[in-house]
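The first chain written gets the first letter, and so on, giving A, B and C; residue counts start at 1 in each chain.
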Amino acid sequence: MSDLIKSAAELLGQLRKSKPLVHSITNYVTVNDCANIILAIGASPVMADDIEEAADITAISSALVLNIGTLNKRTVESMLAAGKRANELGIPVVFDPVGAGASKLRNETTQTILSEVKVSVIRGNMSELCFVAGLGSNTKGVDAADEDISSGNARKIASIAANRYNCTAAVTGAIDIITDGKRIAAVSNGHRLLSDVTGTGCMTTALVGAFCGAGNDTFVAAAAGIAAMGIAGEIAYEKAGESGTGSFHIAIIDAVSRLDEKILRERARLNEI
Amino acid sequence: MSDLIKSAAELLGQLRKSKPLVHSITNYVTVNDCANIILAIGASPVMADDIEEAADITAISSALVLNIGTLNKRTVESMLAAGKRANELGIPVVFDPVGAGASKLRNETTQTILSEVKVSVIRGNMSELCFVAGLGSNTKGVDAADEDISSGNARKIASIAANRYNCTAAVTGAIDIITDGKRIAAVSNGHRLLSDVTGTGCMTTALVGAFCGAGNDTFVAAAAGIAAMGIAGEIAYEKAGESGTGSFHIAIIDAVSRLDEKILRERARLNEI
Amino acid sequence: MSDLIKSAAELLGQLRKSKPLVHSITNYVTVNDCANIILAIGASPVMADDIEEAADITAISSALVLNIGTLNKRTVESMLAAGKRANELGIPVVFDPVGAGASKLRNETTQTILSEVKVSVIRGNMSELCFVAGLGSNTKGVDAADEDISSGNARKIASIAANRYNCTAAVTGAIDIITDGKRIAAVSNGHRLLSDVTGTGCMTTALVGAFCGAGNDTFVAAAAGIAAMGIAGEIAYEKAGESGTGSFHIAIIDAVSRLDEKILRERARLNEI
């Protein structure tokens, strides 16, 4: 078993003990799943996106998740205010640049957030991280295209993004790559059916936020959150994959709620590379 | 069997016959569950939060539910307009002060709603009702802390809130307390796992709204709605608790949709105290 | 087997091959289900409602779905901008006038959209289509009343709406009627329990959007989407109807995700009349 798996399992134990409050300013498509998966992993969710309270709610939280899936002018301002407060207080910020590359608004917002807020972790698919890394993108809406998932470029892209923003960057796909610019890890957990349920990317980011709220090493936290989602996808497929994507969706939450250190240690395919 | 259980069961019968339209201005995290649980109990949901129609939609409804889970300036104005119209027309207003105590905005909004709208029922957890009762609060975001749930102060807090606003007040936790200032009831249905699914509080409030739309006694309506949720939690745990919180979540809706007067009479642990 | 069933099955095959991107500006109550059902049928969902990107996202999509379930001033402007861009680019627009007839705002918005945007398909229940057809309405919120469902007037109403707006109009109920003004079809698939889950209408519209993104004949696309939902309702009832409406809800998504040309051919009760 890799040291990284041990660290991830320990962090899960800490998370379940400390029940960190995770503040998310996120999209309305997948917000219910994000709240439920944060509860399932053992943390406590709060969603608050009004400018008059966003920073105050961040201040009582252990992590902040920013997700631009259904961004609008009102909530982007709240994201910036919450992000700046998080920075002042040393609270980790996890950023999911959903659909970066797909519209001018998403591109500009991604750049604004990354220039005004110091983020701890950026997680996205290949085309989103390509945009973050400054390499353009070729996106089909907000879902990862198959070519992206199988691409071997994830390692390069993640490293550029991590160095550019001095943070942990994670590209998720068939193989997930996580790097903080010094260490680099690969996760090969997961299941193809995860891309047939909306919000599995958002939920992964939410899990990363929960792990970030439980410890100080954002590289380990990102790896743990991504591995947790991959393992949950595998278990969910075993339980419910044949029934259809509705049952599979529910089984993902089930699996996360039942995930413990032992299961994580046994099933994680997570290694520094 | 207590008289209150008989009244609650009768009200369920009325509800399923009259299918009241319930207008909710609520948060986007749990809104789908709230709509589905309103349908499951036999009522009809409508969600409309624009200032230009909120009051009109209230006017054709049998109950109005206000929930500040993801409040913003735009929807708070609509809540006030809808609440005032409900007052004019004698339509019951059920208020869920989600996260009251957690931010200045939530505190001020709670106070504004309670001063400008005559509410029929206030339902919240201990720290939210503490704030409503004017006793400050000690909240960890929007979820009830364990200490809150086991506290014996619920009865006192609920009574203060009920008298202060001349309404029915309900504090939900391990034991739920409901009072209209004269009568006081306790519900000991429920399951601990309910706190591992987001929105079980919001759904309880939605059920209270549905029961309020079916009868005139808001004390009975609040008790019935809260007991219905508690019973559903128990049945859901029996059916799906071991599978995980995703399946448990779905089983809650299942149980509410299959709840009838007989089940309510047999399982309700609901008494005036 | 009717020619229309053959055409619908072929279109399903094309849809699963071409995976069209479907842009929805829709309500926050049922948006997660809409995204998941678009994925389940084999298309790719994107939800973007900010005025600064709505038209840009439409421009990269194969279909646009407009749903006024929780309309507000901000999103209606985005609907108009997206709709006009869709018209410029020849992208089909599917319109769901949720609750038309229930408030002045919904009535005016419905008229504005229909006068400023050339829609390809309008789908709604009887009272919504009555309003669209200019015959007034008698609505109880946003859900179809039983009288509406059993009404024999659907055919007349749909024809008036189709001719008035030179589009395909569909009235869904116990029997669904679809017409483009020349051809007229009836679908008798479905299950009564579908009205006990919120958003089955919205999901039907989303499926119509997905089929519109896969072919050029909007009459066939509407018939295919509506039949797909009806068949899914039947299968879901067989699998989970006895468990309750929560399980039934999930089983709808399951059934759509497993729908193939063979099942559609065998189960569709879809005929030109």
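In this text, contacts are C-beta pairs under 8 Å (C-beta built on N, C-alpha and C of every residue); 3 or more make two chains touch, one makes a residue touch a chain.
What you see is a predicted model, and the numbers here were worked out from it, not measured in a lab.
Enquirer: Working from the CA atoms, figure out how many degrees chain A turns to land on chain C, in steps of 5.
Expert: C-alpha superposition angle, chain A on chain C: 120 degrees.
Enquirer: Suppose you list every residue number at the chain A-chain B interface; are over half of them used by both chains (same) or under half (different)?
Expert: different
Enquirer: If you average the CA atoms of chain A and of chain B, how far apart do the two points sit, in angstrom?
Expert: 33
Enquirer: Can you tell me which residues of chain A touch two or more of the remaining chains?
Expert: Chain A, residues with two or more chain partners: 28, 32, 249-250.
Enquirer: Mind pulling up the chain C residues that touch chain A in the complex?
Expert: 21, 23, 28, 31-32, 35-36, 39-40, 44-50, 52-53, 56-57, 60-61, 74, 249-258
Enquirer: Taking the complex as given, what residues does chain C use to touch chain B?
Expert: 27-30, 32-33, 69-73, 99, 102-106, 140-143, 196-199, 243-247, 249-250
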